[in-house]
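In the two assemblies presented below, chain A is common to both, partnered first by chain B and then by chain C.
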Partner chain A sequence: MSSIGTGYDLSVTTFSPDGRVFQIEYAAKAVDNSGTVIGIRCKDGIVMGVEKLIASKMMLPGSNRRIHSVHRHSGMAVAGLAADGRQIVARAKSEATNYQSVYGEPIPVKELAERVASYVHLCTLYWWLRPFGCGIILGGYDRDGPQLYMVEPSGISYRYFGAAIGKGKQAAKTEIEKLKLSEMTCREGVIEVAKIIYKVHDEAKDKAFELEMSWVCDESKQQHQKVPDFLLEEAKAAARTALEEMDAD
Partner chain B sequence: MASKQPENSLLGPEADSQRTLYPNVTGTSVVALKYKDGILMAADMGGSYGSTLRYKNVERMKAIGKHSLLGASGEISDFQEILRYLDDLILYDNMWDDGNSLGPKEVHNYLTRLMYNRRNKFNPLWNSLVLGGIKNGEKYLGTVSMIGVNFEDDHVATGFGNHLARPILRQEWHENLSFEDGVRLLEKCMRVLLYRDRSAINKLQIAKITEEGMTISQPYSLKTYWEFSAFENPTQGAVGSW
Partner chain C sequence: MDLNMDLNAPHSMGTTIIGVTYNGGVVLGADSRTSTGMYVANRASDKITQLTDNVYVCRSGSAADSQLVSDYVRYFLHQHTIQLGQPATVKVAANLIRLLSYNNKNMLETGLIVGGWDKYEGGKIYGIPLGGTLIEQPFAIGGSGSSYLYGFFDQAWKEGMTKDEAEQLVVKAVSLAIARDGASGGVVRTVVINSEGVTRNFYPGDKLQLWHEELEPQNSLLDILSSPSPEPMNI
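Right, the complex of A and B next:
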């Protein structure tokens, strides 16, 4: 996976002889070094969760939000360089309000994903810009139901049932594949997401982390919002218990 | 928001054609008062095109966020524009998702800035606004005019309401009115306006906002009395009549 692109990796406008653009791959590495972010599509909505690695004990819990609302009906969770992520969120908010202003209805999630992906891709086309060092999981609920998209630093965007980015993405993906998402409600999904994040968190390498979760589902009236506190606590407790049971084996 | 307004308003005739000179479709008075549980507001559903009563199903009161209620008289299209501005304001407030939300005092202040700044550019939003709401038990009722005059009070009205309804309210309003008494008082004001305001129609709505939220009544009509003896045989003794 890692190969030195000597000479061909200096600019995002240079292809290597084997057809790779190294700068984009390096940008993806920035995403891989960040805390895990996962999103799942349940039958009645989307749940997204972020493993927020805490840099310092002095940080106030609940600060440094990693999941942002983009409009009433959609939100994005960002992995990678936080400042880059803020820029993308700002752009997405602007696209969403612009669409509403022109067409009179909330932006369809598909359209939003396309616009965000286009914007991320834009920054891979010019030598005076650098690619965004973040991966984005975008979840929303529109007329076509709940939808989950993932946008990579290359500008690729696909629609998913379940997606994971960051440090524990391989382990998280395995866990997500075990779930029967089409039969799960968001309430159950919240518990599962918490369990997965606690499971893929590497105690040895990273000390403390804070779990941040959001959902957009029928229960939240198709509005994107933080998972309510009581449900979050329930999920954290269930995740800790599951972890202890696993350790006990 | 892009508007084709040239920045330099000294440009001459082309600049003038962009500025509001007179309203086209207008709504008449809005009357509102504070009562025990919150705010009650009444407005009829008419939209006049000059002296023609062209539109009879115009809702001139709308909920703003969770805590506020906005009623407007004056140019209807400018009211719709104000609603758009407020929609964006409330959306951005919601997106913080931090447990806080804009209350009526904040919205009133925003509207005051909006109206006053437009007035200073000689391009006013031709409305008189009534903003009422309740947040954390505190009731708030304020008004802003098209020139940016703003104040808050226990009862407010716009347009003709100031002349016909306010005196009634000054006499009969008191703290902690019950819902029924509040509605009765508003209906008394609206009836006077119906008799005396040429642009009023007999189809009104009453909206209330409390901690639970905003509700707006279905349109209904007031009972009127025309059997005064002075109205009988109106042409008797008039010049040119028989």
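Right, the complex of A and C next:
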């Protein structure tokens, strides 16, 4: 699975003989160790969901938010090192407000994704900076419709119909591929995301988790916001039922 | 007669500029007089300047100030278009102009009308007068000649005109302003911008309709050489 890059992995400014930059790959490992984060693009908007692994029973539910609004029309879900994620979110917010001041319109999601990606990439170019240990799922709704982007620690950014990062990403991707996203509304999407997160959560390895979800769609008037409580409860209930049905088989 | 013409006065464009939306795009119009004090430095200037393929700006006030502002914005918009991967919107162009006008209001003296077409909003007109306000309007007028057009537009303007109606309205309005404003004159230039592209038109000053008490234009004293009467200077 992983190969030790003895000697070539000490600095992000060193290539290995087979053309890899190990430090960036190690940064991606940090993302893989975090709770699953998924995002899907439905026909009328974006839904994002996070499997927030609870470190201690003493933590207040609803704290340690993993999904942040970047601008009125867009939001970001972060996987990996939380503190690194905070930096990236702050930068994205700053880029978005700056664009709005200069150009007089909300930043197109494509442009925002490019700026976040080049910021993340920046930190892979200098020996005195370490790469960000986070994966970002960015969802937004602008004049060109709803768009979903994913940014990796290497600085690569692609546009997706559905994306998953973190522990359960392989299983989550399989589940997402089964969905007919182009026909799904965000209301339905919220239920599906919850089901997937519950499904990929490993009861054995990780104890408790909290489900955090957000959306930006026609129903939310193209504003990025937390999924309304009643819908969130409905989604959790549906997900639990689905799990039980599976266990019952 | 005042022989003390200040030939070193800054070039100003007395000007009449107009921008009008119609059903499908915009029509921009302007006169062509650039004056240095009382002397007409350029009687055929082009006050409608291109910013991008789909956005143009009408300039008034100080010629130098308006040219520089346009040049900067053209440069910013060019970069913006490359980054965005698609044509800039009219709103973005207008906002960039506004930022320069507002932030340098103590040093600049220029009133601008930005007009264009983009695929999201269609035809749009934005007026950016002296202080740097940005205001989106169905039509906008500016320059010294515009004072004589407020009443005219109140009566003649209507929503949803056709392209030809809009252009005729603009030409008529500029022509009326030229008749009354000493700082406006020359020819009428128009630019029509819509989804199909940009069309420039030219209406020579002597072919414009004559208004109340206007005299027939006399093109050149050379004309009298071919006339039957051998008396020059006899008007």
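Keep this in mind: the second predicted complex is superposed on the first by the 248 of 249 C-alpha atoms of A that agree within 3 Å, B and C clash if a C-alpha of one lies under 4 Å from a C-alpha of the other, contacts with A are read in each partner's own complex, and residues count from 1 in each chain.
Everything that follows uses one rule, which is that a contact is a pair of C-beta atoms (placed from the backbone, for glycine too) under 8 Å apart; a residue touches a chain by one contact, two chains touch by 3 or more.
Just so it is clear, the model here is predicted, and its values are computed rather than measured.
Following the overlay on chain A, a side-by-side fit with no clash is recorded for the pair chain B and chain C. When the two structures are aligned on the shared chain, A:225 is found in touch with chain B, with no touch to chain C. Within the superposed three-chain model, A:103 lies in touch with chain C and out of touch with chain B [touch as defined at top]. When the shared chain is aligned, chain C comes close enough to touch A:111, but chain B does not. In the superposed model, A:143 lies in contact with chain C only, and not with chain B. Rounded to the nearest 10, the angle at the Cα centre of chain A between chain B and chain C in the chain-A superposition is 40°.
Ranking chain B and chain C by residues of chain A touched puts B first.
Figure legend note: chain B and chain C, brought together by superposition on chain A, show a least Cα distance of 6 Å. For chain A in complex with chain C, the touching residues are 102-105, 108, 110-111, 114, 143. Within the complex formed with chain A, the residues of chain C that make contact are 80, 83-85, 89, 91-92, 94-96, 98-99, 120, 134. Interface of chain B with chain A (complex): residues 1, 84, 88, 91, 94-95, 97.
The touching residues of chain A, when paired with chain B in their complex, are 65, 68-72, 93, 97, 101, 214, 223-226.
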